[in-house]
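Across the two complexes that follow, chain A remains constant while its partner is chain B and subsequently chain C.
Up next is the complex of A and B:
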């Protein structure tokens, strides 16, 4: 068991951080916006946080406690998201999706060219301060926030905006404002996950948080189920676990199976693995059967 | 002066590749709402298939082009049938995006396996035509092909969409699949032909670019895809002319920027342009979407 843990704990850590990225993508979807932007904000936050530890990073020591890095990451991510939300959220859904992808592309170019601060292609060393239990606590806290959000006025407002923006407007919900709040909160989460990802990799280059990660994050969110907060986390765990399970049987072609599985799951379960509506129906059927008996 | 002209032509050739690709990518995005992340890899397969038949069976340029386009078209249509068609009844852009990510992962693995993780080049004598060398200006034969094929296919696609019955059908299905079916348009046939046109164009672009830039590899298609996103943002995806022009603008700014400003800052200028467009003209040069998406 402990041997198993030694081998797979790092995968588990990456899976949980991917889960936070997936949750940030899910926040966008929850307010009816397809956005890959949190990955760009995560990259920005990770660079600022890495710069904080820069002068001692070479010897693997940190300047500030982990908490400082996480908070700085969240503030930077949130600020970036808030500022960019003004031009971006004016766009229609198709253009918005494209624009957030280009934001990820732009982030890489900026990181490459501010090489005085980011190390350019060479990158920058990040001392690792985060431990496994830190990650568990962070994921737990984030889940708690989401669980509270789900039954809050804001959560219901987001449900309405996602399903029918026009109806939401007629109910007196300011759609743009709800989307801006969700976008900013997604940026905060992106920043948090970005700092964690950089600490796990212990090295930051412009491609650390790039299009691939953005695609995988949104895929995990939808694969797990984009209608409840537990979905993205389960999606991220599944997405990381499936190739590991298949590795001994398939070797390098495991990626092909992984991609094919993504297609198959989406074709047969369009609402993802975890679907609260289906769960509710199942429970209702069970209670009604019990009532009949 | 000579240098400027030379670089302008280089930029036009590069932009022609970006533009043709952006057009093919924008076509299915605008008509079906599919943000096909695997589209760049489909272009790569045009190049890989061409390279394999040239290398293994000694095909010459034109037959290899036909094979490359055919393979890309088949992959494109298969992708649509297996990954997009099952979602069509109730899917939105998001569902298509996720399945296309799945296809993208599969195709990248297959492509890397086919190339054995190498970067290959076509044999230099494949296109033995003399380099165009008028008054000291040099263009590789591959670049000349790109310069010709880009504008020709852009005008052809534009005329096809605007002036022919099949174009009208494609636009009708783009506007509303249900209504076009009520009016007697076979939407399945139209969707398949749209996808075939789009994937075929991607295949041509991939094949010709891999010859022009001496690079048969998986990253080739990914580069086309990312620049294709950029071109579509600049030009607007609702209009064939916009996407093509967007590609040309990006190609020229890239080459001229690298020449006159700084090679290092080559992408900064491109993406700076992109930020300007996102801020001030987010719907692209040609503005409004001309036909809605099937949702």
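Up next is the complex of A and C:
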């Protein structure tokens, strides 16, 4: 067991951080917006956090505590998201999705060109490490927030906005505001995950948080189930685990099987691995059957 | 006092005037009917009255207030609620949750209350839940509170839709074909429910095809055709008038179609002779 842990603990860490990225993508989907933007906000937060740690290390001082880094990351992610939400959320769904992809591309260009601060193509060392239990606690707290959000006023409003924005409007719900809050909160989570990611890889280049990660985050959310918070986390774990499980048997050709497996899962479980609605309907059937008996 | 007042309202879609210089009103405390053949502009009129759509010209006053400058979501706060012809349920949400969403307008907690467990939010959730349950009881669908709404039978979904609209505590309820697809018994039950709501002081505007339903229920009926006002008055008068009969049987249609033929090509305007009972 301890040998297993030695080999795979790093995968768990990456999977859990991916889980937070996936949750930020899920937050967009929850309010009816397909957004890859949290990755771009995460990149911004990661660079600032990296720079803070790097400068401290350069002058030989002790680093800021992890809490400071996380809070800075969340504030930066949230601010970036809040500001960009004003122009972006004016767009309709498909255009918005494309615009958020562009944001990720732009983030890389900015990182490349601000080489005085970001190290450009060479990148920047992050002389700071996050521990497994830190990640575990953070994921736990974020899950708690999501669990609270699910049946809250805001959660129901997001459900309504995703399913029938017109009806939500005629019920007096401010659709734009709900989407803006969700977008900003997704930015906060993106910033949080960005800082964690930076301290996991400990070396930041413009490609660390690029479209690939953005697509994986969305894919994890959809694979795991974008209708309850546990879905994206499970999706992220699956997305990380499947290639690792296949590796010893298939070697490099694992990617083909991996892709095929993901497609098969999505064909048979279109609403994702975890589907609360299906679960509820199942429970209702069971209780009504018991009532008949 | 008029709760809803259309002042020569026009709504154009391209070259087609779905509603054309239409003026009619709903008196306070009335159950008003809006009828007309298919494609007459009834749904457009109700979309305009509920803020879902904006008039090209003219103005709509609700409770004496001009709504031209209002945003779509502000109509709910003004006291207008509506239902939809094709119901528009929230997929995946339970019956009770539909009503909870409807009650959103009357909740006080902020976004931040939703993020972490706290007593204020917990209290409000319990209160809102109880209130939603109460509304389901009024519509007598409380035994389906935990079922996914889209899995319910058609008639119950119609009831739920009215419950959802009632959750915003409106003073004017706009119903778009509340009995579509229902049998006579179910229609009569819906009529009963509407009368109960009306007794609580809510003004109602019903868009309907079912002439019997309208003449049994409504105090005043407005007939429109080709987006224009044809006649308005008490049901017995209106439905015995020759103009209205001609409209329903399509006499006007043949004359008008000549002028509209280019615009309306391919759109069959079916004539509901079967529903026109005398």
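Going forward, the second predicted complex is superposed on the first by the 286 of 293 C-alpha atoms of A that agree within 3 Å, B and C clash if a C-alpha of one lies under 4 Å from a C-alpha of the other, contacts with A are read in each partner's own complex, and residues count from 1 in each chain.
Assume a residue touches a chain if its C-beta (ideal position, glycine included) is under 8 Å from a C-beta of that chain, and two chains touch if they have at least 3 such contacts.
Worth saying up front: this structure is predicted, and the values here are computed from it rather than measured.
Visitor: Based on the shared chain A superposition, would you classify chain B and chain C as clashing or fitting together?
Guide: fit
Visitor: Is A:88 in contact with chain B, with chain C, with both, or with neither (first, second, both, neither)?
Guide: first
Visitor: So in the superposed three-chain picture, is A:277 touching just chain B, just chain C, both, or none of them (first/second/both/neither)?
Guide: A:277 contacts chain C only, not chain B.
Visitor: Touching A:9, do we find chain B (first), chain C (second), both, or neither?
Guide: neither
Visitor: Scan A:63 for contacts with chain B and chain C and give back first, second, both or neither.
Guide: A:63: touches no partner chain.
Visitor: One more residue to check, A:255. First (chain B), second (chain C), both or neither?
Guide: first
Visitor: Report for A:172: first if it touches chain B alone, second if chain C alone, otherwise both or neither.
Guide: Touch status of A:172: second partner only.
Visitor: With the two complexes superposed on chain A, say which partner A:202 touches: chain B (first), chain C (second), both, or neither.
Guide: neither
Visitor: Of the partners chain B and chain C, which touch A:154 in the superposed model: first, second, both, neither?
Guide: second
Visitor: Identify which of chain B and chain C touches the larger number of residues of chain A.
Guide: B
Visitor: After superposing the two complexes on chain A, what is the shortest C-alpha distance between chain B and chain C, in Å?
Guide: It comes out at 10 Å between the closest C-alpha atoms.
Visitor: Which positions of chain A sit in both the chain B and the chain C interface?
Guide: none
Visitor: Please name which positions on chain A make contact with chain C in the complex.
Guide: 144-145, 148-149, 151-157, 159-160, 163-164, 166-175, 181, 227, 276-277, 280-281, 284
Visitor: With touch defined as at the start, can you tell me which chain B residues reach chain A in the complex?
Guide: Interface residues on the chain B side: 29, 33, 35, 37, 82-83, 86-87, 90-91, 93-95, 97-99, 101-110, 113, 226, 229-230, 232-233, 237, 264-265, 267-268, 270-271, 274-275, 278-279, 282-283, 289, 293.
Visitor: Show which residues of chain C lie in contact with chain A when the two form their complex.
Guide: For chain C paired with chain A, touching residues are 50-52, 72-77, 81-82, 84, 88-94, 97, 100-102, 104-105, 107, 109, 111, 113-117, 121, 124-125, 128, 146-148, 151, 164-165, 167-168.
Visitor: Going by the contact rule at the top, pick out the chain A residues touching chain B in the complex.
Guide: Per the touch definition, chain A meets chain B at residues 29, 34, 87-88, 90-95, 97-99, 101-102, 105-106, 109-110, 112-113, 211, 215-216, 218-219, 222-223, 226, 252-253, 255-256, 258-263, 266-267, 270.
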